[in-house]
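Below, each structure is written out as structure tokens.
Shared between the two complexes below is chain A, which pairs with chain B and chain C, respectively.
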Partner chain A sequence: MSASELKFAQAPTSSSALWHKVLKVLSNRAVQIILVEIVVIAIFQALSPNGAFLSEANIRGMLLTASQVLLLATGQAVLMSAGHIDISQGAVLIFSSVIAGNVMIAAQDSMSLPAVLVLGAVVAILSGVFLGAINAFMVGVVGINSLVTTLGMLSLATGASQVITGGVNLFGMPRELISGFGAVKFGALPLPMLVSLLIIAVIWVFYRYTGWGTHTLAMGSNFLAARRVGIKTLLITFGIFILSSALAGAAGYIDLARYSTTNISGHLNDSMAGIAAALIGGTALTGGRISFLGAIVGSFLAIILQSGLVIINLSPFYQTIAVGAMLLIAVSLDRSSRNRKGGD
Partner chain B sequence: MIRTTKSRFKMAMAVSATFAAAVLLAGCSTSSTPSAGSSSGADGDYTVAMVTPESTGEFYGAMYCGAQAAADDTGVILKIQGTPGTSVEEETQVLQSVLATDPDGLLLTVWDNNAFNETLAPYTESGKPLVMPDSFLSNDAYVQSIRTDSYQSSYDAAVQALTDFKITTGKVLVVTDAPGNAIQTARAEGFRDAIKEKSDLTMLEFSYVGGDSAKSSQAVSSALAANPDLSLVFSTNIGAGTGAANGIETSGVDGVTHIGYDTASAQVEELKAGGYDALIAQSPYKMGYEAMDLMSKLLKGETEASSITGDAKTVYSDWALVTAANVATADIAPFLYTTDCSAVS
Partner chain C sequence: MSQEVLTISGLGKNFGAVTALRDVNLTVHEGEIVALLGDNGAGKSTLMNIICGSNSADTGEVLVNGESLSSLSDAKKLGVGVVYQDLALSPQLTLAENLFLGNEAKRGFFPFRFLDRPRMQRESKEAIEKLGISTLRDVRLPVASLSGGQRQVLAVARAMKWAKNLILLDEPTAALGPKQVEIVLDSIRKASDHGIGVVLVSHDIPSVLKLADRIVILRHGTIVADLSPEGLSVSDVVTVMVGDE
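On to the complex of A and B.
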């Protein structure tokens, strides 16, 4: 071998090292989804009349919708990293909004307005905590599968909401809930979205930098081994189910703040939207892997698609097909999923 | 299974590009149904947006036909959007995007009179016209609502049916959705009040079955077993009606008259086959036409929004009692719901 060939054989050049780094970043599912979203946004913006897609009003509308989906998706992602699932989030959302709404209507004459709003938020989250604790008990203590448990909770919470309200949506909510929270905006950024992002940031910090996150992933990866190693699996199970339902409670409060009424017969697809967002973003269904950024961008994908298709005036008959197809395409672009444990 | 990453990627790109092209071409091209997202209008000065729930159903399909016809007649561009679902959040998502396109006018149907006030506030406060076929807002922030009087249509139809079908004695069962559904409750109460005030028949308690045909079938069978003199059943929605027809048939009881509400094509088939004796039909085509016609007049300045006040803000549209005898007549054709615009005019 000549001297120059030897030199070639010694170390990778800086450009190929850079290329490897780029490939590694691109193999991150969340980044892929971000790239897909950028392409989709560019296409919709180019096709929309007068640039309506990226207008302040539309961005604000999409962010408002996302503010609720993000919370649910985060709860699902944390649960899925432990190998569980929660299909009762929509029903818990409705239940929390019913309880919080009734409490606020009853309290608005005897308490100051800001106190009433804060009380409503606390009550909404506590309702979620209550239902989440029941879920956790059934899964952690009684030992029922989380899908079956949350299926039962779905019926329980929906039925309880209907009994409490007699089937009639609430009216008479304090106006300040909307003027002081739901409709507050900073340009294109609505306050509910800011609050959701803050909540998720706090959860992410705890998950990433305390033992709780690692232990949850361990539970999802191998439950028995985690328990034998001394991880407090029952405590963590309670924690994550309560977290998921508390986030649904917070989403219920945002629901009240957006519509000034409950929506008892709606929210049927909320859990599925949260699960889909978490999955698209790269959280594994079987546990052991999580992506918070993925859950966030996964939530946005369906919302961006929905909004764009309406703005370019695609027939409603085709929109459902288009959204489903785009989601499948976005996920199938991931080439490294084959090698990961837990598949996709 | 393609293993190499390069060829998987190429395959994914090829499939997605073809699929995307096909769907976009199909969805954006014009066709005989106006809900293909197409627009029309020669001058095209004004653009009006229309948003409804159940956008793939037949009732709103007929409404779209009417609105498109009026848009064509008055030379205004109409963009029809909506959600195939019925929930508030689904329609709010669509409405937010539609409002971002800054239409000159909005035709809107909502199923909850309170939940949309906030989302619409920026639009209604800007002074642009809002006309509402088939619904209204609790804060009155619309120019006109053109809808069926659910209570009165049921009331009058009950009176007419009692005469037409010569029902003089027995019990009456009403199968309906849930107490929270204002429109269905109005239909049920209108029927009940007519029976109480205008006949000697006895009303049974309302049977709340949602839109579930299985529950409805069960409820009607039980009622027939418990009340052999049950002579009249009224169902207020399609699911309840299908179940009620099924319940009556499987019980094998004769002499029960079944009246339903709404005339989707499945119901019309049932009517011809004998599952219903009559159907109360609304006129969605006319609602759509009149709403769009008013909108065009408002945009062109031929009518002033401020001149429509008080009682004039609500216009009750026609209804008809459709039976197997008159279902094929030309008079009844505008009352049958369909997504095929050539069938209605």
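On to the complex of A and C.
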């Protein structure tokens, strides 16, 4: 075979290899969502009055909302990869913000301002850790299903927040909470968003590069097998439930930093947003599969839809319908593609 | 006489009113292949579960190399490799991840001890090639994509890789074709040649007769015969297994 014939013979092979690579990238759930998001953003930008959808103020608002949802979705994704779920995140967020808010109000006269702000963050996260440890105990030691456990915690934490506050949102927190954290921005990028991304990056590194991630996936894939090879399943159960609730606690602190008050009745559905984002992003509810990038872009999809529908003046009821429809479409597509491949 | 790797004495186990095991005594020496046979409900699986640390005994004790074994972590520490009947694999994880599950290779210093994936993939490939298997070349494939026979071979490879003193196999050839059965039997012989004691539960009596040094027969939760396979036929073994029933 001559050199030219050889080149000719190889040409289809290299182009088909390239095509395979393109198909592989396109089959990635996160990439698919990003493409959908680009289209949705373009539509909302075209339909919004004066291009308000991509205005700096709207982008900043979406990013601030995302800074909280991203934390919740990451916690859910990690739990779901182990075959668990946490529907108490929203209630934990409220409880943490109530405890941290009260502590900051009480401490602001006796401590320096930076110390009060740091104390508030630590208390919010520790409140989450405390509730997460209770969830983990009920699931790992008592043996109650995570859905039932966190349903109980949803009620407990909500009730506790209402009892502590008497049903009235807290006021009187240090003003610097907003000016020193919640409203700080770098261009259109709010500081809470940067903090959330940093936290998620650290979690991802540990999940991807240490035994913790593989062991968590193994628990979700085949719990008995994971136990039999000596994986410390109870320790991991505690770790992931505490992580989920600690992230909800951090989201509670961001809430205080955004509004300088608690929002006792405003977050009860936040867990659903986190679960939907993780599911849309390709994390399996039944365990054994996780996508951090998918959870991030999944969080943004719901936020983009909600913001866009408000800006183009559609009834808020349609937002809920749109997010529900996206979730069902994403999970159905995932199901059919896995069935074609032979499934897991 | 070679050293005892497994010593079981006075073992008993009840499940409520049902006696699953009663005064079981058994020893396995270095490099010895012992087949555990019995009819359904004879107590084979219960005994295997106790030896591998999955279950605890009500009475008696299990010693591996003279050290007491009563939990899964003891079994891991004492170098006991197990092939479970359900294989105990994680379908969504890769071959390499399954092979190293619970024994991951790491590099770096605490608290930054990160997984050494290239090393695990390399060693997984070597472990599989050592068994002479040509169908499991890509160790990055998820186990869900493997056939039943390939999964079984992977479970055997994993047990072989981590067994230092004793290997337990519960129906290791159940889902295999004739060629794969030979591969598994050959790898059991190799493990035995390296001084590892083998306890095997199987319904494949012809293979057991070819492979085992001793045949131990359980009936109604107790050992009723401890035979040399020499000169035994399948029907002889079945007769002892079922007794006068």
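Quick note on the criterion: the second predicted complex is superposed on the first by the 304 of 344 C-alpha atoms of A that agree within 3 Å, B and C clash if a C-alpha of one lies under 4 Å from a C-alpha of the other, contacts with A are read in each partner's own complex, and residues count from 1 in each chain.
We adopt the following convention: a contact is a pair of C-beta atoms (placed from the backbone, for glycine too) under 8 Å apart; a residue touches a chain by one contact, two chains touch by 3 or more.
Source: prediction; values computed, not measured.
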| item | value |
| --- | --- |
| Touch count on chain A, higher of chain B and chain C | B |
| Partner chain(s) touched by A:Ile231 [first = chain B, second = chain C, both, neither] | second |
| First (chain B), second (chain C), both or neither touched by A:Arg289 | second |
| Contacts of A:Gly61 with chain B and chain C, given as first, second, both or neither | first |
| Partner chain(s) touched by A:Gly266 [first = chain B, second = chain C, both, neither] | first |
| Residue ranges of chain C touching chain A (in the complex, touch as defined) | 52, 54, 72-73, 76, 82, 84, 86-93, 97, 101-104, 106, 113-115, 142, 144-145 |
| Contact set on chain A toward chain C in their complex | 209-211, 214-215, 217-218, 220-222, 224-231, 284, 287-289, 342-344 |
| Touching residues (chain side chain B, partner chain A) in the complex | 5, 8-9, 12, 15-16, 19-20, 23-24, 26-28, 35-37, 39, 55-56, 79-84, 87-90, 92-94, 96-102, 112, 114-119, 121-122, 138, 178-181 |
| Contact footprint of chain B on chain A as seen in their complex | 48-50, 52-53, 55, 57-58, 61-62, 64-65, 162, 165-169, 171, 178, 182-183, 255, 258-261, 263-268, 303, 306-308, 310-322, 325-326, 329, 332-333, 335 |
